[in-house]
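Given below, in the form of structure tokens, are the structures.
One chain, chain A, appears in both complexes that follow, with chain B as partner in the first and chain C in the second.
What follows is the complex of A and B.
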């Protein structure tokens, strides 16, 4: 039966070529956008190096101190009046603009003192990703971002090494002058990624031996994106010994499993409540803003104050809304087009029903034909998406972020095609399946 | 084979009510070749459609092959129609995108017959109609008479007990019309198929066993 439907579906497409072109163009363009968006989200939020373990990672990028004072203070007194209780309330206005707020990344000493050995954490790392250096090579000035980290940084973030290795704990402790470069930095500095291991680079007046080259991570995540990776012990003494709460560091924790992430985040919150603030007259509340990889990504896009999970919810709501709108508009147009095309086939539907097709058979036939059309549009959309992805990557429109069209994206795309085909075909198919035979046959000639 | 009891069909709009059939009762025994005649708009096609269970009477009972029709829209009725009835239309109603043999196979698709068996049965029906050399052609490549023969092949491919033909020769010239009548007559005589035919043509009607005349929705003879 379905081979017969397939044959007919392809023949019907050839009947009105202009309408078929309009339908296919609309479908393929919509699906191209959806596929490229899926590829983008998969690249940004998918599990691949250096964030293969993203579902086990908790990040601590920020420390917040607040001073919250009530604007109005109410007090209620009870007194006896003529032997009966009477209530007397007074209120005091607080001083205006007493509330204050401050947030920043964290000092090494704070992390070292309070954030080791959290329950649920298999590993932790303290790193600084906000430094930039001017580096000169062959009369050319390069501006490189540097990330300082301990050795366990490489246990949490599984960078793909093109050559060499990460620095070890012993090398960090002994301040061995070594560095890891990104692919881009290696090409910019040495002109190649080949045979770079063992060569040296001058950073901040120090000669460092290159011991590893990593694949370029996406530049949308500042806790992994860098050109040069250096041992944390190469930071200035001042940065490492800063005793205040604020400093240039962030922390990352690798949970024992996905469920243990919430344990770590709860432990961080609990610690924040237990820590005494150095200057309570100035700030009376401490908050440690922890986040998952996904929620931090959302937070940078939708900055809900100090609440990455809230940002993620908002992001998901907005993204889902936009995607639905983007699918809905062409779906509605396609429904409209399908209804008018289907009405042309009323007589055919009537004849099929006269010869024994029930409403279910008609529904499945028309839906099948629409899914075939959608999949044809999907193939075209897929080809267009591949071309668009190539153009985006080649032009470096997204910087170091390279979109990929992998199996996950392909499967999501197939699902999108199927959903699109069913959605846009269901109403017209349902209407046609309910046609009265005698009216359908009279409607038009085949 | 077919029993119609007190069949009335009324078309109602917001403005007007039209009685297409008024209290018609007919009994058609198995193996009969019946013609229905009458002026345009007298209800002939409506009566045929009700016999074929593709239209629903306003009142009255329809019994086909011993089965009283209760629900005109059910799967069971669709299956019954597929098994017992074949239709031939004045305008042929072949699907232009399908080849001749694919058109003829149509009723067998809804019988869940295997592809191989469908093909064999369709080929046999087309051979019976003298169209074995036109199987891969498309309807647009056929003459009117050939199209109607394809339609007859489609109607008989499932070996139904009843064929309902709505002016099968109406769009054909007299030579082709006679050819079609001969085919229908042979089907009736050789296979015992019950045939009910709506026609305007007195000559064609006289070739059948019995003639029923309608006028303004009523049976006059």
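What follows is the complex of A and C.
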């Protein structure tokens, strides 16, 4: 049964080359774009180093101070009471609104004081990720980003070490001059990643010994992307001792499990309520913007002010809408084509029905044919996607972000193929299966 | 004729419904993408207002300095020393809000009896030369502004049009940030990049030595070699005794800022192009098939005296009617966006209407292109042959 269906399907495809070409073109390009998009999302938001534990990470990138004031409304009613004017005054507090606002990353001392023991957090790290240095090597300028961190940073973000090791708590504390380089930085600076361990690099006027080389992280996440990683104690004394709330630091927390993330986020929010502000006349409300890896990513794409969760919702809505619209169009197109193609075969179907085939078997045969066509398109689309990904990576179209085509993506694509095939085949197949035998045979010159 | 076509379309409403939906969604996608593209291109077409070619910015870190007087003196010495090089044509100190950096400082008030909304940029008297700003009114800062009673301000043309058009600039003191005298107007200052909305900008004066101005803007002579940067780097390091400064090439930053718009724009446009091509091919196939199903009808019409042209026009008319109806429905939805002012700050009504027009024209053109050949074929059918088949 199966093999005869398959044979039939291939025969039908071969008969009308032009129609087959149009269908295959539509299917393969649609699937190619879907596969490249899923590959992109998988690369950006999947679980792989340095964010294998992304579902357990909570980030605290920003601190916001606001001044909320309420409008006061003073109204006086006059009325005549016993021939005398009487006054009745009311004083109402209006809705609170914000009249000044500022937001920034956070100072080390603030994090040190308030963010050390959050319930649900297994580890925490405070780091500064927005310093840049110009470094000259053989007359060529390199602009290196430096990320200053403590030792627990390496426990939260599991960087893939190509060589060497991360720095340890003792080294951070004793200000041992060590540094970890990214692969790209090592290639730019030394021309190689071989035997770089033990050599030294000059950053900020200090000679640092290189103790590790990590695989280049994607540059879309500023809390992991860097060229050189240094112990936090190499930051200037002023940055570390600054007592105000604002500073160059961010924090990351590792939750015990996925669910404990909300415990940490709730605890951070609660802290914000308790901490008293240094000058309440200027600002009277403190907000700590915590985020998950995914919501922070969405926040950078769709800036909804100070609300990563809101940004994620909005992003999901827009992305799903676009995706649906995008799938809908080729599907409609295919349905249209399939109906035309199936109509042509009404005679064949009429004969099958006349010999006793029921609607169900006709339906499944036509659906099967469509799924075969879709899988054929899927294979083509997969090859096209591989080519496109290669081209994108080769041309540095997305900077340091390298798209990877992995099994997860392939499985998703297979699923997409199946859904696509069934979706675009269902309506035509249903129509055909309901065809009256008499009409089907009569209108055709067999 | 038109009533007749309506009748024909209505008779085949089931198969036309799918075509209708397809054109409708194609229009919807085209409209959304083209709106965004139109917006970007409209913004791209206005000038930046300052030059980025051969412009560098040395970002100094003045947070950690101890003694104000020595630092001020050091800043002036650094500028003098760099200016003495023949490759450097102009040098000016600016505040930490620098082009393409993403940082802003804005303020708004209605203390003057009318609304002022503006972004603040702090510069010294040399910035006009360093950035090649174009003045449309008044003058730029000069040394006489150092001790003026009211802080002098140069505003951008946009702020002028928004808040000061028709007001006396010369002798009035306005409250923008403190008490200010407006001494000049520059034409544009789109400091977020080519594709960004232009904001109203006010330049505030600070003296070059001030610690509020940590960025040294340099204008280089054309044809300066890349290796010259190392010289600048060494001089800055020697004079300031600091290591944590960076030198930014403004042209590079500008390209990078533009790239972040070009990339998604090109991706979206190519996806859109593919979708449209897909729809066109589909349309072509369906039409081809439909016409071959209606051979008998064509034959009959031809025997009854219809010309080739009339037969072709009938098929084209049917498809165009369905497409027009679908686009009409699309426009009914699309028109709500500018009417309701969706995303008003970013997208102007103009963008929506251009996208609507372009989308409609594109789809109609495509449909015409796809119907042309099959309907021509239909016109060429020989009545004797097709009627014989029947």
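The rule is simple: the second predicted complex is superposed on the first by the 416 of 446 C-alpha atoms of A that agree within 3 Å, B and C clash if a C-alpha of one lies under 4 Å from a C-alpha of the other, contacts with A are read in each partner's own complex, and residues count from 1 in each chain.
What we mean here is this: a residue touches a chain if its C-beta (ideal position, glycine included) is under 8 Å from a C-beta of that chain, and two chains touch if they have at least 3 such contacts.
For clarity, every value in this text was computed on a predicted model and none was experimentally measured.
In the superposition on chain A, contact is made by A:353 with chain B only, not with chain C. When the two structures are aligned on the shared chain, A:361 is found in touch with chain B, with no touch to chain C. Of the two partner chains, chain C is the only one touched by A:340; chain B is not. Looking at the shared chain after the overlay, A:84 reaches neither chain B nor chain C. Counting residues of chain A touched by each partner, chain B versus chain C, the larger count belongs to C. By the touch criterion defined above, A:3 reaches chain B but does not reach chain C.
When the two complexes are overlaid on their common chain A, residue A:407 makes contact with neither chain B nor chain C. When the two complexes are laid over each other on chain A, chain A has residues 445 in contact with both chain B and chain C.
Here chain B touches chain A in the complex through residues 49, 52, 54-55, 73-75, 78-79, 81-83, 86-87, 89, 91-98, 102, 105-107, 109-112, 115, 154, going by the rule given at the top. The touching residues of chain C, counted against chain A in their complex, run 15, 18-19, 21-22, 25-26, 28-29, 63-64, 226-227, 229-230, 233, 243-247, 263, 271, 274-275, 278-279, 281-282, 284-286, 289-290, 293, 389. Of all the residues in chain A, the ones that touch chain C in their complex are 18-19, 22, 25-26, 29-30, 33, 131-134, 136, 139, 141, 143, 204-205, 236, 238, 325-326, 328-330, 332-337, 339-341, 343-344, 397-398, 445. In the complex of the two chains, the chain A residues touching chain B come out as 1, 3-4, 7-8, 11-12, 14-15, 347-348, 350-361, 436-438, 441, 445-446.
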